[in-house]
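A, B, C and D are the chain letters, set down in written order, and residue numbers restart from 1 in every chain.
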Amino acid sequence: MFKHTHQFRMRYSESDQLGSYYNSRLLEWMEVGRTELIRSTGCSYSEWEARGVMAPIVEATLKFKGRAAYDDLLEIETICSREGRARLRFESVVKRAEDGQLVAEGYTIHALINRAGKPIRIPDWINNLLTGEHDL
Amino acid sequence: MFKHTHQFRMRYSESDQLGSYYNSRLLEWMEVGRTELIRSTGCSYSEWEARGVMAPIVEATLKFKGRAAYDDLLEIETICSREGRARLRFESVVKRAEDGQLVAEGYTIHALINRAGKPIRIPDWINNLLTGEHDL
Amino acid sequence: MFKHTHQFRMRYSESDQLGSYYNSRLLEWMEVGRTELIRSTGCSYSEWEARGVMAPIVEATLKFKGRAAYDDLLEIETICSREGRARLRFESVVKRAEDGQLVAEGYTIHALINRAGKPIRIPDWINNLLTGEHDL
Amino acid sequence: MFKHTHQFRMRYSESDQLGSYYNSRLLEWMEVGRTELIRSTGCSYSEWEARGVMAPIVEATLKFKGRAAYDDLLEIETICSREGRARLRFESVVKRAEDGQLVAEGYTIHALINRAGKPIRIPDWINNLLTGEHDL
């Protein structure tokens, strides 16, 4: 298990006419959370892709809990763990930084594939960096 | 239960550098599917909002099943049903129109609220239009 | 010169908290206009890419003229012409279909490049299909 | 004239299948640049809206100069000046932070309107904060 917190501000382009964030932006924020978590291990996700490991999303579950407005400072906490031997699970919680109000939470499951698009097991170097679970 | 099929083409802006659609676009396509399903009842969702009924998303579950590329003709099937007395459930299946290949599937749950943001039960007129279930 | 008109509906995801469309969506709509214009010549832009011709945008000028709301039926008229020997120009006008109210207008300039990313002149087959100008 | 520099990372959701950023993202980045410039004056744009001054975009000119990839650290420099007595002009330059490579440049023109949607002159307090030009 590996955990990381990242702050960012909601963009005007992410609002909608109801005055909160449009629902699909949550998936984009969760991607930012994963990116920053992976960077914090010392080896960024773009380095994964350069090494030939892609991690396409296969599943997402999202719960929309509260509003957020343009320019709100948001905080996303991301937790990574293994999902079996071939998949990674990223859990996310988004809060307003100012008052801790819950905005959304959810998780995504990612397969790992090589450049040929073929599913692979979690490589040791990723497992070591990301989950710290050494009992594969 | 109410069902509707809608075709659309994948936009270049919806692709990503892996060459398929970026994951958050699925939620935007599912919104288009809901919009067209609701329009097909004879009373569009913008008419709902004009009548003071908003249907914000509270939950989504998504499964990413296959690739889609720029300009692919996609077909989204949307099914609406009641989720208890105060929520609506929209299930979606996205396929490539040409070969029927499954692209994604999932569902969203929506609360109903009034202009003051207060949760309301499914109004009769919506229940009649949309679910055809008369046993509330 | 080649001209094409395409209708589409504004998506909820394209609105913002001011209640009209968010400005960047215009570029996405203009891409849809170009895609449909090119398709109408009998050879789609994805076919261009399959033949090794990419047309990245190098310049855009946009004028935002009026509001549009979720679910408005919009009409985009796109006109293609040559811009010298190596570039294409697409002019766009977006109106509300119902009342003809002007929403936005602008143009984009596109270079043509091959798979190696090297600029190329407009190939004859594209010039014939798209501009109908035979005096290169 | 008022100037501000802001750094951010390109998101995966902002890439497209050509492997660079999709063109409409530039307008979203320019909005982030404006937001951070305005915040740096000590009165954020959301505070403008709270005070009843909205600044909708009326015009944009964009030049796409170079590529950017997922996770690139980008730097946007934004310069604000008056455009007559009723409009603001924001010029933007986007570079890759690592090597200073030019990615894009452009400007946007914004009208100022009140809550009723009526055009207004630049209020003194905005002029003082933002342009530092005292000769209106």
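Heads up, the rule we're going with is that contacts are C-beta pairs under 8 Å (C-beta built on N, C-alpha and C of every residue); 3 or more make two chains touch, one makes a residue touch a chain.
Nothing here was measured: the structure is a model prediction, and the numbers come from that model.
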item: Type of chain B:chain D copy interface by residue overlap (half), same or different; value: same
item: Chain whose Cα centroid lies at the greatest distance from that of chain B; value: D
item: Euclidean distance of C-alpha centroids - chain B vs chain C, Å; value: 28
item: Gap in Å, rounded to a whole number, between the CA centres of chain D and chain B; value: 34
item: Centre distance in Å when chain C and chain D are each reduced to the mean of their C-alpha atoms; value: 24
item: Residue list for chain B, restricted to those that touch at least two other chains; value: 12-13, 24, 27-28, 31, 69-70
item: List of chain C residues in touch with chain A within their complex; value: 12-13, 15-17, 19, 22, 24, 69-70
item: Touching residues on chain B, where the partner in the complex is chain C; value: 9, 11-13, 27-28, 31-32, 35, 39, 44-46, 69-71
item: Complex contacts: residues of chain C adjacent to chain D; value: 18, 20, 23-28, 31, 54, 56-64, 108
